[in-house]
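Take this structure first; my questions come after.
Naming follows writing order (A, B and C), and every chain is counted from residue 1.
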Amino acid sequence: METLTDAASLGATLHGLPGVDQVGADERAARLATRSIKTTAKAQAIDMAISMVDLTTLEGADTRGKVRALCAKAVHPDPGDPSVPAVAAVCIYPDLVAEAALRLKGTGVGVASVATAFPSGRAPLEAKLVETRRAVADGATEIDMVIDRGAFLAGDYRKVYDEITAVKEACGGAHLKVILETGELVTYDNVRRASWLAMLAGADFIKTSTGKVAPAATLPVTLIMLEAVRDFRARTGRQVGVKPAGGIRTTKDAIRYLVLVNETAGPDWLRPDHFRLGASSLLNDLLMQRQKLTTGAYAGPDYFTLD
Amino acid sequence: MGVFEYAPAPESRDIVDIKPSYGLFVGGEFVEGHGEPFKSINPASEETLAEVARAAPDDVDLAVRAARAAYDSVWSGLPGRDRAKYLFRIARIIQERARELAVLESIDNGKPIRESRDVDLPLVAAHFFYYAGWADKLPYAGLWRSQADKQGGTDPRPLGVAGQIIPWNFPLLMLAWKIAPALACGNTVVLKPAETTPLTALAFAEICRQADLPPGVVNVITGAGATGEALVAHPGVDKVAFTGSTEVGRQIARSVARTGKRLTLELGGKAANVIFEDAPLDQAVEGIVNGIFFNQGHVCCAGSRLLVQESVAGELLAKLKARMATLRVGDPLDKNTDIGAINSAAQLEKIRMLSDIGEREGAERWSPPCELPSRGFWFAPTLFTDVAQSHRIAREEIFGPVLSVLTFRTPGEAVDKANNTPYGLSAGVWTEKGSRILWMAERLRAGVVWANTFNKFDPASPFGGYKESGFGREGGRHGLEAYLDV
Amino acid sequence: MSERAVSQRVAVRKTYKLFIGGAFPRSESGRSYEVRDARGNFLANAALASRKDVRDAVSAARKAFGGWSGRTPYNRGQILYRIAEMLEGRRGQFADEVRATGASRAAAEAEVDAAIDRWVWYAGWADKIAAVAGSANPVAGPFFNFSTPEPMGVVGIVAPDAALLGLASVVAPAIVTGNTCVVVAGQPLVAVTLAEVLATSDLPGGVVNILTGRRAELAPWLASHMDVNAIDLAGAEDDLAVACAEAAAANLKRVLRPAPVDWTADPGTGRLTAFLETKTVWHPVGS
């Protein structure tokens, strides 16, 4: 694989991937969405989903206070119930990494920072690298970078590849999630090619979306990416993670993603180090559904913290 | 985290009320049959569901007379718009009772509730809606009588009484395919459901009553082969429509040769599903799975012969096996079941017999690890590789979840192998190259060609076979022709 | 005045043979039979075809099917029109042969003209029938779905008595859509002369094969042949038609049963569609 990264063979490799039939992919995702996950399976799925959440705030209005609250929630999602697992990470802008790192130290919850001129990615590479290094220096354990969609759509795969490898190097020990922004790539063929491009360039995770472009994560797009990581591992032996992000708000949505993982990439991916859900409001819905399963009565939002 | 185990998610069967015994539906009433009653069992548990009347020849005669009386006195004279309204009513009632009918179908047939709920029942209702709309538009269908009447009119006319015999694989859907166009065209019907799956046809009889359909327009007679033979042979029947095995189809064709009866047959198949190296592989895998494991492979148009280009065979088969390992076999009423029960002990025996022959002939047999329930009729999804055209599993219809894999090198070879069968019902082609799809579609001798998809059905789309897969089309404008004097 | 007194010339007679695969062989059986005119005068010895001639004719028809059905409809239409042109040039000869079957001169000429016009009528259908019999089907999903009529393959034809018009009315609709056929002729001499026209009309050999002989002897072999896809029983009497329909069940041939037909009336599209299969193709619509 490594020898195939000059511009021409990179293009040939990506265009040599099997095509994706959109209708067939949509159908498969829709069919898996009809799986009925009940009782013990639902309880298992809810805790699994909670432990995979990248609890996210990516607003211009974010403050250190907001991040502190988010970190508290991340470690103890339900203060009244210690059996609720912590989430996987918080996901924030780079300038707030130091605050989050301070609050999460020793908790096991990761600090994920978006970087590389999120969400558009329209900045010089030098600026992206500086931003990345700074976030890592401040304590980020994970970096969520965006790819240059303009370069990708123009067919300049080499530029996208080089940027990812450069950012990967700048990450040092931090894990690199590569955001494809599938809402701008539009076709499933593009999603598959971008997934492979990111994996070839060294991504630890491939992530659907910034959350700033509609559509964000969808089941069929995630299906395509799960097929890509599955096939990539079969080809190279390296297991890359997947993170759908944006628009995942309900427990039902989350469970559908878990079913998709289970039946596409397989159980090896049903772990927080290989599957994440980028979300904010999802967590409270998971908690409410969890309580319903425990108590038998439907829960109300006032009993769960707003952060 | 451990393996993600799906807990049982059974659909409630409280929604259906199965009576201990059922009579025949003749002239709008349920009546006793004169034959020895038979039992319909749940193939997933072998429990008896109900005792069902067996129509003797004199019962068949009564049903045909009832249909004739209804044809003469009401139905043939009813304006198309009124026939349409009855069919619309029926369609609506089916939608209203869809869940109940889906559960009943799964209990009686063994098919997964996901399919009866998401495929069979929506298509049943859609079929009645579709043909309801034709009932008052027949003169616009482009089907004219070739010999004008005395006034010079060439508008198509109904045939009279249709005797219809349907199989057990899609009991209610096949009923819809038969009854909806027949009634829309102004015929009345006597329908015989399959011996192992009579219950939804009897529920449909109740629906006819709820819809206030004039008595005798639809008659349902239950029984086995002898009842069907009596129906085919009855001189009062003007039209015979049969869906089932090619062998029985042949007998029926012979039987009506001596008469003026019209005949349409929808028979067996051994469809080739052709995968080229440039296919969208993941969707092709889904298409293969849907092609052969849909409805336990009890599908006349099942993609039972996989023809894969040699250059991509290894990669495709690896993906296919991984996918097959995720298939969930078991309780048809569990909402997560992908493959339900084999419809009958006899069918299970046939599948076993042919699979054993496949092994003896030297093909490589594979099934994913798969725990089968102890009671009921079950067969694990099965793949045969190293299959040659000369093997019986590559030629005979198995009608079960058994896929035979063959390879080819060039498009021409794919066409030759695909067409090298007495059947010609359906075929599949998978390639991203548009011109090759059309080239293949032109050359495949099959009534339905699914390109980059498989096992799709729609009331607007004609369905039916070439060669020994039968003649006539069901669905679409073409489906009217089977029930009109043209 | 005797004929000999007018002319000393002795006419060169024609040997009436079969028409198989574009050639004019005698029956492999070596048999022939006397053909007489309506008054009982000897006309010719026609070949008395056997079951093996049926077999040979079916293989010729099968061999020709791929090429003929693969021609463009426009090309098939041109060839059928060419047949009409060739017939027109032999009007007199055909009128004489039809008269020999007992028709009056006026009736014979009318039949020849009608037969020529029938070839023209069907020639024009070549590139139109698909537009009439096919459809684009509005299915409830993201699929392009269309149905097209396709030729069935080899059609066996038991031709009616109506000499030239009957033959045109059963052969032209079968072949114009791309089928090939094996015809058991009703009237032998007219049929063989038609074969000469077909042989000189750019029609590929094997598309039409014509056998003369006893229908009751030959038709059952056609009906039971496992490589014949359909059979037109237009010229079969009741018992023969039943026997053929029964035999046809062996490979589920499509059977067009005999029915009273006014061969002079507008033929409609019934004989075209009777030998067409409908093929429906699905394809997803996605980006």
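Heads up, the rule we're going with is that a contact is a pair of C-beta atoms (placed from the backbone, for glycine too) under 8 Å apart; a residue touches a chain by one contact, two chains touch by 3 or more.
Keep in mind it's a predicted model, so treat the numbers as computed, not measured.
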Per-chain Cα centroid nearest the overall protein Cα centroid belongs to chain B
Report which of A-B and B-C is connected by more C-beta pairs in contact.
B-C
Chain separated most widely from subunit A, comparing mean CA positions
C
Whole-Å distance, subunit A centre to subunit C centre, using C-alpha means?
70
Using the average of all C-alpha atoms in each chain as its centre, how far is it in Å between subunit A and subunit B?
44
Chain centre separation in whole Å, for subunit C relative to subunit B (CA means)
37
Return the residues of subunit B touching two or more other chains; collapse runs of consecutive numbers into ranges.
452-453
Which parts of subunit A, given as residue numbers and ranges, touch two or more other chains?
21, 23-24
Where subunit C touches two or more other chains at once, the residues are 143, 284
In the complex, subunit A touches subunit C at residues 21-24, 26, 186-187
Looking at the complex, which residues from subunit A come into contact with subunit B?
18-21, 23-25, 27-28, 34-42, 44-45, 48, 51, 227, 234, 258-259, 262-263, 266-267, 270-271
Can you list the residues on subunit B that touch subunit A in the complex?
1-9, 114, 118, 278-283, 286-287, 318, 322, 326, 335-336, 432, 452-453
Touch list for subunit C against partner subunit A, complex:
142-143, 284-287
Residue set of subunit C touching subunit B in the complex reads 132, 135, 137-141, 143, 145, 147, 152, 229, 242, 245-246, 248-252, 254-255, 257, 262, 265, 267-270, 277-284
